[in-house]
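Letters are used for the chains, namely A, B, C and D, taken in the order the chains are written, and counting of residues starts over at 1 for each.
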Amino acid sequence: MSLRVSDLKVHYRTLRGDVRALDGVSFELGDAEILGLAGESGCGKTTLGKSLIRMDGRMRHVGGTVELDGTELPIGDDRRMNDFRFHEVSLVPQYSMSALNPTRKIGKMVGELLRSRGVTPDTAKLLGRLDAVGLPHEVLDRYPIELSGGMKQRMVMVISTLLDPSLLIADEVTSALDVSTQKAVARALAGFRDNGFVKSMIFITHDISLTYQIADTIMVMYAGRLAEKAPARTIVEAPRHPYTRMLIDSLPEVGVRHADRRLSGIAGSPPSLLDPPAGCRFRDRCPLAFDRCAEEPPAAEIAPDHFVACWKA
Amino acid sequence: MMLRLDNVTKVYKVGAFGGKTLTAVDGVSFDVPEGQVVSLIGESGSGKSTLGKMILGLVPVTAGSITLDGAPVRPGKEYYRHVQGVFQDPFSTFNPVFKADRVFQLIREAYFPAATAADWDERVRAALRDVRLDPDQVIGKYPHQLSGGQLQRVLIARALLLDLKLLVADEITSMLDASTRIDVLNLLAEIKGRGLGVLYITHDLSLGNYLAERTVVLRHGTVVEMGATDRVFGRPLHPYTRQLLSAVPRLHAPWEDAEPVTSCLYHDGGATGGLAEAGEDHFVACARLEGCLEERLGGRSGGRLEGRLKGR
Amino acid sequence: MVYGLTFVVAVTVDWMIPRFMPGDPVAGMVARANVSQPAAVEAMRQYYTGLFGFDQPLWRQYLNFWTALLHGDFGISIWVFPTPVSDVIMGAVPYTLGLMIPSVLLSWVVGNRLGAYAARRRLLDNTVLPVGYVLTAMPYMWLAVLLAWGLGVIAGVFPIAGGYSFSMQPNWSAEFLLDLLHHWALPFASLFLVALGGWAIGMRNMIIYELESDYSTYLAALGAPQRLIRRYAFRNAVLPQITGLALQLGVLVAGALVTEIVFSYPGLGSLILKAIQNQDFFLLQGTFMFIVLGVLAANFIIDIVYVVVDPRTRAGMAGAQA
Amino acid sequence: MTALQEAVPRDAAAPVSGRREALHFALRNGKLLAGAGVVLVLLLLGLIGPLTIDAPPNEYVGPPMQAPSSEYWFGTTTFGQDVFAQFVYGLRTTFAAGLLGGVVASLIGMVVGFLAGFRGGLLDEILNMLTNIVLVIPTLAVLLIINAYLGIRSVVAQAIFIGLTSWPWAARAIRAQTFSLRGRDFVDLARLSGSNTWKIITREIAPNMSSYLLLTFILLFGNSILIASSLDFIGLGPTEGVSLGLMLQNASQWSAMQLGMWWWFIPPGAGITAIVGALYVANVGLDEVFNPKLRET
């Protein structure tokens, strides 16, 4: 088992009080597994991704543990966490287009970054990785402004995985890209896992169809909690949580026409996480809700590797 | 009502003192008939948003013409009585320092100065109910207190207050969550029933396919394929369309590889004369269309093609 | 391009003002000059009339003005009649430059370091920031007066007037140079301090902005040490500060002028005061042209430095814009 | 920021209006309160102080060279003028010069900035050129020439000329802001609602950056005070009346420093520093109020 997250709670401090962005999430991630983390805005998926590598100033680790390869990650301690960053846990951020220092040549920056982490730059390895994503070696001698958006994206992917981390977090890396580029980037990421550049990966996106293309397992989150986690096929073809089902049903597939089959969305909106209601958080929007939903449903394993947090599952 | 684009071209001047030029849209022609949704599909840099802005009169046309019922676009109060737009980012479409319902106020000032307060309030409420919003939940709120989906509906309601003939919807769902965007799309499909045309601009093929009667696929400012949606997506002919379709992530079906665009002679620099008719209500920009069709479809339909040149 | 135009505008303003002011400029000036010797009055009258050339058409006057200017001819001073204005100015310029160049450059360098160091360090920030605001809010002359009073009059450590002791004649001896330095110290310090505050505040704000940028966040997520992140942030924050230096030049020159007046330092500032007190308009105009030229030249140099320092403009110039 | 927005669902249950929120933070911002407080106290002193003094400020009312005492709070000058009387009258003049100069500069900066930023194109390039020219020319030097020749000796004329030469950076800043706002969709929506350029600038763009305009004005205000006092000090100030800068000039001219008459030159300089410094500090406070990003949690 590569990653074990137990009852993780991370809150955001705001002027109106604590926002419980991540409120008790537990899951495991196996070796060589790509976990697709899906959900809508405000579900806590980005918070989860940040918690695993670097929390920003407003985030607070409230409870729960994260264990990577048998070692507990000190996620609430920015300084101690530094030992794990880049070496064990790494990140391909949403903002890849602006992630490189604009006034340093890329090669020089990579060298300085590596040395600052006590690593001697391995030129052959770096060049090999550039080849793997189809970047010419000259990019190292360029400034970021001289690269196209797609090239910057791939460069960041190469830098982030240069130390062969155990866990790679890819946060909405494709959301700003065109469909054809999106496909290339997603496949390249999957290739990193296949080639052993990274051991396992958490691929965060709002697009379930995209996750389905490269993830082994999909975890759907709702309002700071886990709703359902299962192998990708199962999530798409036999979802058990009403939220997952309604979400999948709201996606127009190529071939589905309004005139033939009218899809519908999910009425209502997620609860405020400032002071979330007790019990199941999907209750207010759920057509299946009944009395027991006032109690919080645990994420039960209803079939091997299939976890659902719903009394009706 | 019919919106007609004829050979529309847009050339931007870039650089200091307009030293260089950039052709964003190059000779685009298509129609948006009344009671239909036409989707305009393209990736970034395809010129789709520029086209939308030209139709709305927000950006001047360099060459060619855009006409509504035969009359040329003349941006101004009268034109906007009939043609309206909804944009991509709802939080940028609302001025954050004002309440959301100010967008109605602007309409009232410009078009219905004579309406009494009570009468106007009732009209606004009716329009909000038409877009499935509870007026009491929307009126008096600031934009940041409403969700993206609610805001986009407010904008559609705003357009419906006018004597609308055409609605340009530019990526109006791309900032919305999956569970709310589909209802906004359904709304567009509903309002076309009022006899107005909808131009739905999007990068998302599956959404365009879901909604539109007709589809126009744009690449680098030119139309590569257009026609009835079921033909364009059901039997895509242009390699670019095929590549786009194959790149769309689907549920239930893993990605497969389409032949790269470069395998087509047209993209190797082979000249083209414009759009050729490849079947009923199906036009493709490909000079080698006949040959391609025969290769791909094994001569089943290729022989019947006339390959008639259209447009330029 | 802009500099050329600016120069033309400045010269035109300089030419226009005496010509279009109400009344007869020659009579007014001669009267105000208040010179008692009839010979001097007559010489001046003739000189003015010839110089302004009122008998010639306007465009001709304008052209003549330019020709004279390009020959370095600013006219003749009234205050130290009949020394040419250009000579008077040249005598004062070394003092002003000697004061300005070190204080501007040093305050820029030290201020930037200080601001960068203070940013995001609570304790330092809480001292540097208020002190910085007080310093920038001070009128230059007031700090100069305070320093002169405190260190000059009360403590008696530094002289408070002049560029060198009255008892000395300018020469290259070590004794004279030391004396020069001694007189230079206080005006330098007051210019340096006021400018310092502004740079420190500007840099602090800029660094905080850079530390919040995406590339800083990315480096932090990869565990890069604060030292590296700050170094990158500093490099990027310095670039706008270079532009800031160009924008501040006018204010800095103004500061130098009034500081010189406080210390009776024999630079352009004191010259201006003398010119005003003696109604010496040629001297005033000449000094004005000279200051404008100096500021333009400095701006030009800063522009070149910026292009050399910022790799983005270099890359853009190579036409490799991606 | 994005993460936080994501984490905080837009809460329809807490209708805190933007303006009320700003007021809420304004009343809790120490910098703003302190800065505004100092400015207000000095302003009141300048407004009310002169009413309590019978003689004109430059009148020789008492014995010369008196140190501060209960009778002459700030002492007297070499000629027996009451420094306190001069100070309160000087405050008035200084505020007037700053305010008027700030208003003139803001107005020009706004017109140029809005037009250049919103219209773009050739107009933008021309206005930009103009801005750069005025920006590069050293302001004080121009004012020297103008004041010397035209003999400007009234506070109003002085302030107007200061305003005429100190607008460029404001125009630049407003242009940049306008430029970024122009691309927002609400500008397009206003067009689609039949609004013309003037209406869009005044009713959509200007309200959106009202806080920014206020900040700009405050900085121009402080700037004008500093320039005016420098002019006064050189001897190009108003000939009648008194200002803080003129007081400094007199003190310097009559060797107050050498004579140890600290009470003559400390108050005017301290007054200017206090006003301008307080304006700057209030400005930072206001910035924090308007820009939630800067609010330290």
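The criterion applied here is as follows: contacts are C-beta pairs under 8 Å (C-beta built on N, C-alpha and C of every residue); 3 or more make two chains touch, one makes a residue touch a chain.
Per UniProt, the chains are A, B = Peptide/nickel transport system ATP-binding protein; D = Peptide/nickel transport system permease protein.
Being a predicted model, the structure only gives us computed values, none of them experimental.
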| said: From the C-alpha centres, identify the chain that is farthest from chain B. | reply: C
| Which chain's mean C-alpha position is nearest the mean C-alpha position of the whole protein set? | D
| task | Could you please state the distance in Å, as a whole number, between where the Cα atoms of chain A are centred and where those of chain C are centred? | result | 56
| field | Intercentroid distance (Cα basis), chain D paired with chain B, Å | value | 49
| How many angstrom lie between the CA centroids of chain C and chain D, rounded to a whole number? | 22
| request: Any chance you could list the residues of chain D touching two or more other chains? | output: 11, 14
| Taking each residue of chain B in turn, which ones touch at least two of the other chains? | 147
| field | chain A: positions in contact with at least two other chains | value | 41, 269
| Contact residues on chain B for chain A in the complex? | 43-44, 147, 177-183, 185-186, 189, 203, 205-207, 209-211, 229-230, 233, 243-245, 247-252, 254-255
| request: Show which residues of chain D lie in contact with chain B when the two form their complex. | output: 10-12, 14-15, 17-18, 125, 184-186, 188-195, 204, 207-208, 210
| query | In the complex of these two chains, what residues of chain A are touching chain B? | reply | 40-41, 178-180, 182-183, 186-187, 206-210, 212-213, 236-237, 246-248, 250-258, 262-266, 269
| note | As the complex stands, chain C meets chain A at residues 213-215, 217-225, 227-228, 232, 235-236, 239, 310-312, 315-316, 320-322
| Which part of chain D faces chain C closely enough to touch in the complex? | 129, 132-133, 135-142, 144-146, 148-150, 169, 222, 226-227, 229-230, 233-236, 245, 248, 251-252, 257-258, 260, 262, 265-266, 268-270, 272-281, 284
